[in-house]
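Should a chain be cited, it is by its letter among A, B, C, D, E, F, G and H, assigned in written order, with residues numbered from 1 in that chain.
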């Protein structure tokens, strides 16, 4: 039995008025969430492409040019992160965290990979966050910062910042280990026998770090530990193989061997 | 900073996080205890004898909300105010229960929908996120929906207790609520699921009203309740 | 051992040249996929909002105005589908199907819900597809078609069309049944006792249709059968309850009852 | 149109779909059979005695590809050309195997990378999607990666068979391939996983070359192979 | 015998097996089609108008079981009888559906539990394992449990259709079934899980009977019950 | 001790453990059989004719608990008392069923809540953990909750049987139970989940009482059981 | 026949089935025990000292197969022969292990592939399905594939033990096996998955042969086993 | 006793239980922390430089086990000894980790299998179940299997670090372990699954020994092995 009067009254009802406000509040939130998801997807894609680009360093003579190119790509990503920061201005970042965590993790993976290649160290959360300070209002349009890391957080205007949270940092670093493993195998294939040993040292440190954290971290980290352990095993196996085969040449012969080998490969110089 | 130091740093952060959560859990347990006690007081309205005592029971419940507010005040001290959503999962359940209880007390007292502001005040928290520990829209609405289901039960039991006027008033109230909810675009989340239940509450109350009407039982002097 | 000469040669290698082509082909495809995913998400959201809007018909006096409003919303969705059609121009739609299937299913759900409310019948796949014919080039900017369904597929210019595939249609219809169940329960609550019986007839037909198809359809359909059966049971239960309670009034009293009831509710007229 | 008719319609569509798939499956089984036979012929190159017979084996394999092309021609008749991706799952596996076999024959004959066009021709299909049943980039690349893994095995076995020049040539070839693949942005899909395997093939071949070099075994007259 | 000969031999075995399975699958598909058609006929008893037509519908279903029996007869020719359990997975699903349909027809006709012997006869197969293609105990019971759930739906819909006597008869029948099942010591298998659902059917039907009883509807002339 | 000796030793441990479990499983199967038989006796109270026979049925069930106690006594001999929790999973299910049956008999006899002590005595086990095979609090509560659900069914069926007084008494009893449970601080475990079901039983029974009340049936002299 | 009688009957069926399964399980456990013991004897061939003792170990294993045959004979008595496939799941795992062990003994003795007939004879069962408890093609092949993987391990360990001739012989044998398998058209079943592992065994063995070859160790007189 | 009193009583039980669990969880957290710290110390043996420091690292780990024992002693005070199995789930994970660490330290020191008695002593608990908090057979075995996998990693890394003698010793040790496990009749439980992984460790280590052997590296002066 439809009561028309009641319906008619509804428009003036305080309850309805309140719900109209709720409707707006909820829609605004959903819309923001959706925009963040889309930016996050863009970040993921561009970060992944940066990682592919960086893998070329093991097969290409001019490492520096690839690093430069990756700087440009990562700057684009950082502009996207600035968009996230813009959306989150004045918000509780944990409220929308689920919308952009995937993209941020992928960015951590890409930027820490670049950092490792450049400095052979693990980038810290502070360093990552330091490069996510954006000068006010120029966020989207300015694209001139192709330097190492955005130098100064602008002068007067209060800067827009984005803070990667520790668990996203951890998850990004966990994925980094997979890329480092790929880099290690690739190095062996390209005849570079130093990088694998360096990488195994480094990966062992990261592995020990994660096992020190153990199951006290977020659940997603524990899930990645198995893959991390496998990556480490692959790297350790590669170093083992290099050592074993290296054992077959008497040390005084080494120089000869490489000399003759380079000759054989019609190359003038080798990076032993 | 070495890798080891970096992980030690992070481990520090994680430990601190766990400690905060542990602290929160303890206060939340007290809140749950209080919520169950308020509920027990209010449950008596479903008893045949409970109807006359509604004002007393409401007064008693109001009093008990003091304890709730004390615990809430303590809860706020356990974590930085701007990280509400980081720890939200811990108190979401009890917060919705408390919103329900506050709305229910309010309804029993005045037969109107208690606003989000009023509910927040009864519980002792804010409405606006920027001001700290607040009552989010979703949590408020979830509480209101729990109340709707309690009201459908109340409609049934008030007939048993011989109060034939109340179901019709509940019916009008719930219908208005339902119209309100129809304005919302809900995601496929727990709130949506709860809202789907509202239809059954509306239906149940409609059936009670129907049962009364075909028996001519709803014609008692009700002018006073017309709201 | 890095062979610099070889690296230098690479740029002129036919293999590298071929892979540069592959790179472009793959990136183009991924980019298109990503754009489609984003459009699909928009379609999903807007369709869902249309469904919410349509549910208001059971509690509001002016059904027509809600239908009109839903026409506007669905036109917006159709413009988005036109964007998909534009992206797919000349492509094999099955190649990108995974990118947009979710959105299309949701659109089918929304449009078939609207159709049921308006005509109390099941919209056919042909009818849906007929409304997805877009006049050439005006796809994105034109927004004037607020009519029932876009009338004519434009004059001279070859129209852009989108074809919903049968399995997306089936999956959308399967979800429609859930909305119809909600509508049924809502109707009972609003005192409308005709709609539930109509709906139970209709849902039974759809249910029988699905059980006739059985497990010959796509796997996703089979997964939804259980929910469909539950929805039907809820609707049948609602009709049962109406019948049972209706049995308590002698038929000759019926008119009286409703009259007195309406009076009691301070309403002037009731839609029995 | 009644609901029943509508579902009957759709059921008709579904049945037709299943029939098409059934037909496709049968031809695909024949293709798999042929692919296994070609493989058996080519496997002999891993045997110590097989090296001299490579040209013969390749000729034989080329011949057998006739049957493959016949089956492929039949496969094309089983479904509308513009719906390639609708049924792709049925032949993807065998198509990649065939691409591998065609690329492998080509490599054995000329020690170069057979292009997508050439592979498509050997299998008897198109390259461009618009022209019908085609060899997609991903399937071509997957076939090339299977070949890379077969070549790392061949490098090992050619040493066993006493051919010390081949590994170095394979090494150069695979390195070029690897450089090519590094240009690609792959998604997290089966192709990416296969590509990850390429690094191990490269590594294995590098180890063989190393073993030869420290023993001075790679200095044989190789000028002729310089490619 | 060389390894090659041996494997050629084995391939013979495997092919034969695959051919049998292919043949079985085809007939099973036909059976599934028939089962769905019978189901469509029988489902119409839930329609408000369907009640009067039960005898007609049952007759029609009985007729359609002829086709089922024909397919079944064909299925039996596809493999040696003693290998029933080897291929059982192929037809288990449809066999349970058919057992349900046969039991349902039987119930609709006579309102009694059709025995395993009768069900087997309707489907056109044996009861005794030794005699070949048979209806195993588990499959029969699964069919009966599916019917129980269909009957709870029927109880609801018969009230909607104005038949107030049927629910009580269904209730008695289901109670008897429930007692029967309680005699069984079921393992933790799919059958046990299905049986756990029976209690919901029992409860559902009892509630229908209750609804009729409290409104005095169950005392209407039941002379019409022609059992 | 050599590694072999050590492992031989360990195998001894493992075998002993497996033997114990095997023994336990056998007795538990007998207990399940007995529990099903008691249930069948008690199920008859849901039948219209069963009401008058409640005392007889209870007496019969009491008698059958003798067998239960015998099996329980045997079960205790199968493992050392202090390892109760080690093997608990084997009998937990049946123990909760037995607790339900004992509580149900007790309720039917006296319409009161049978204490854990009494239930334990009926089943033939201890209450105090230290004294050996005991009825844990959780298992007792689980049994009580199963009974609550059985009582909501009984409320429905007693109306069908024409007993209009019982539902009200059940309603009071269940409300008391519900208040009791609200005193408990349950974890998120199976018990909590089962308790969440209690509110549906409460609601169902209230609706039965409502149905009686609105039809004026709840005030009749209870002698009127007219069927 | 009443429903009760019918279900009592059915319980008879179910009990009989459960008893059979219990009996089968017990014998299968003994078979597993025996299989582990045979394996322990044969494992010693991987030890440096084990090579000379291969004949002795094989003889010992042959002897132990007597026990296997005794258990097998007992297993056959536990159920009607034509229900082999009904209970197959119980012994499939151990049967494949036994097929592996028999094939392994055979290979160690004669370095040839033991036929299905021979394996069946060693285990004490039939080959022909019609004659009762038999060794199915799939189970035989599974056993052969487990052996292939064991042989790749043996190739590695024989080098460690200083036997440089064996890997080459194993390599030839495995290649022959691989060609054989390529004649088969395997479905996507566990066997296919196991077969996919064969290529890793082939590759591993080829690498061992390569290692010997590049170091000039493969041409030494085999008498040289110097450890 | 009223229902309310009874439930108040029961809440007493539940609270006590929850308090115990809370207490246990806290100590277990400390144990996990300690275990992770011991692990960090022991993991350094995989470093190239770590090999010389094994004795130092072991001594350090031994020291840290003091803390473990202190926590264990505290853990025992948290609940009555005979309820070990009731709370076992809380510490099972960390107990297996500790068993691994103790067995690993023991192995590094003496290259022998540390017995269950010794492991229990290092951890500071009992072996005999009757004496209270003990190290169950399953937990000990799980710890040993984790160690086996760590040893296969150690074999690889010791070669990288230039220690060519260790892998052979590890290989012998692991083979002995494997034979030991083959004496056990494991159920299909987590332990069985872990044991299935052992064969990969065995194979891995054998391949390391092979690599050394074929290059003549295993014959280097092993006098340095101070066992």
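As a working rule, a contact is a pair of C-beta atoms (placed from the backbone, for glycine too) under 8 Å apart; a residue touches a chain by one contact, two chains touch by 3 or more.
Just so it is clear, the model here is predicted, and its values are computed rather than measured.
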Select the interface copy of A-D from among B-C, C-E or C-D: the correct pair shares over half of its contact pairs, counted by residue number.
B-C
Would you mind telling me which chain pair, C-E or B-C, is linked by more contacting C-beta pairs?
B-C
Distance from the CA centroid of subunit D to that of subunit E, rounded to the nearest Å?
50
Chain centre separation (subunit E, subunit F; CA means) in Å:
34
Whole-Å separation of chain centres (CA-atom averages), subunit F against subunit G:
50
Residues in subunit D with touches to at least two other chains are numbered 175, 179, 183-186, 211
What parts of subunit C, by residue number, touch at least two of the other chains?
3, 6-7, 30, 59-60, 190-191, 208, 212, 216, 248, 261, 265-266
In the complex, the residues of subunit E that touch subunit F are 175, 178-179, 182-183, 185, 203, 206-207, 209-210, 213-214, 218
Residues of subunit D defined as touching subunit C within the complex:
1-4, 6-11, 13-15, 18, 82-86, 88, 113, 115-116, 129-130, 137-138, 141, 172, 175-177, 179-181, 183-187
Can you tell me which positions in subunit C touch subunit A when the two form their complex?
1-8, 30, 34, 37-38, 41, 45, 59-61, 190-192, 258, 261-262, 265-272
In the complex, go through subunit F and note every residue touching subunit E.
29, 32-33, 36, 39-40, 43, 46-47, 153, 156-157, 159-160, 208, 211-212, 215, 217
Touching residues on subunit C, where the partner in the complex is subunit D
3, 6-7, 10, 13-16, 18-20, 22-23, 25-27, 30, 90, 92, 94-95, 97, 121-122, 124-125, 166, 169-170, 202, 205-206, 208-210, 212-213, 216-217
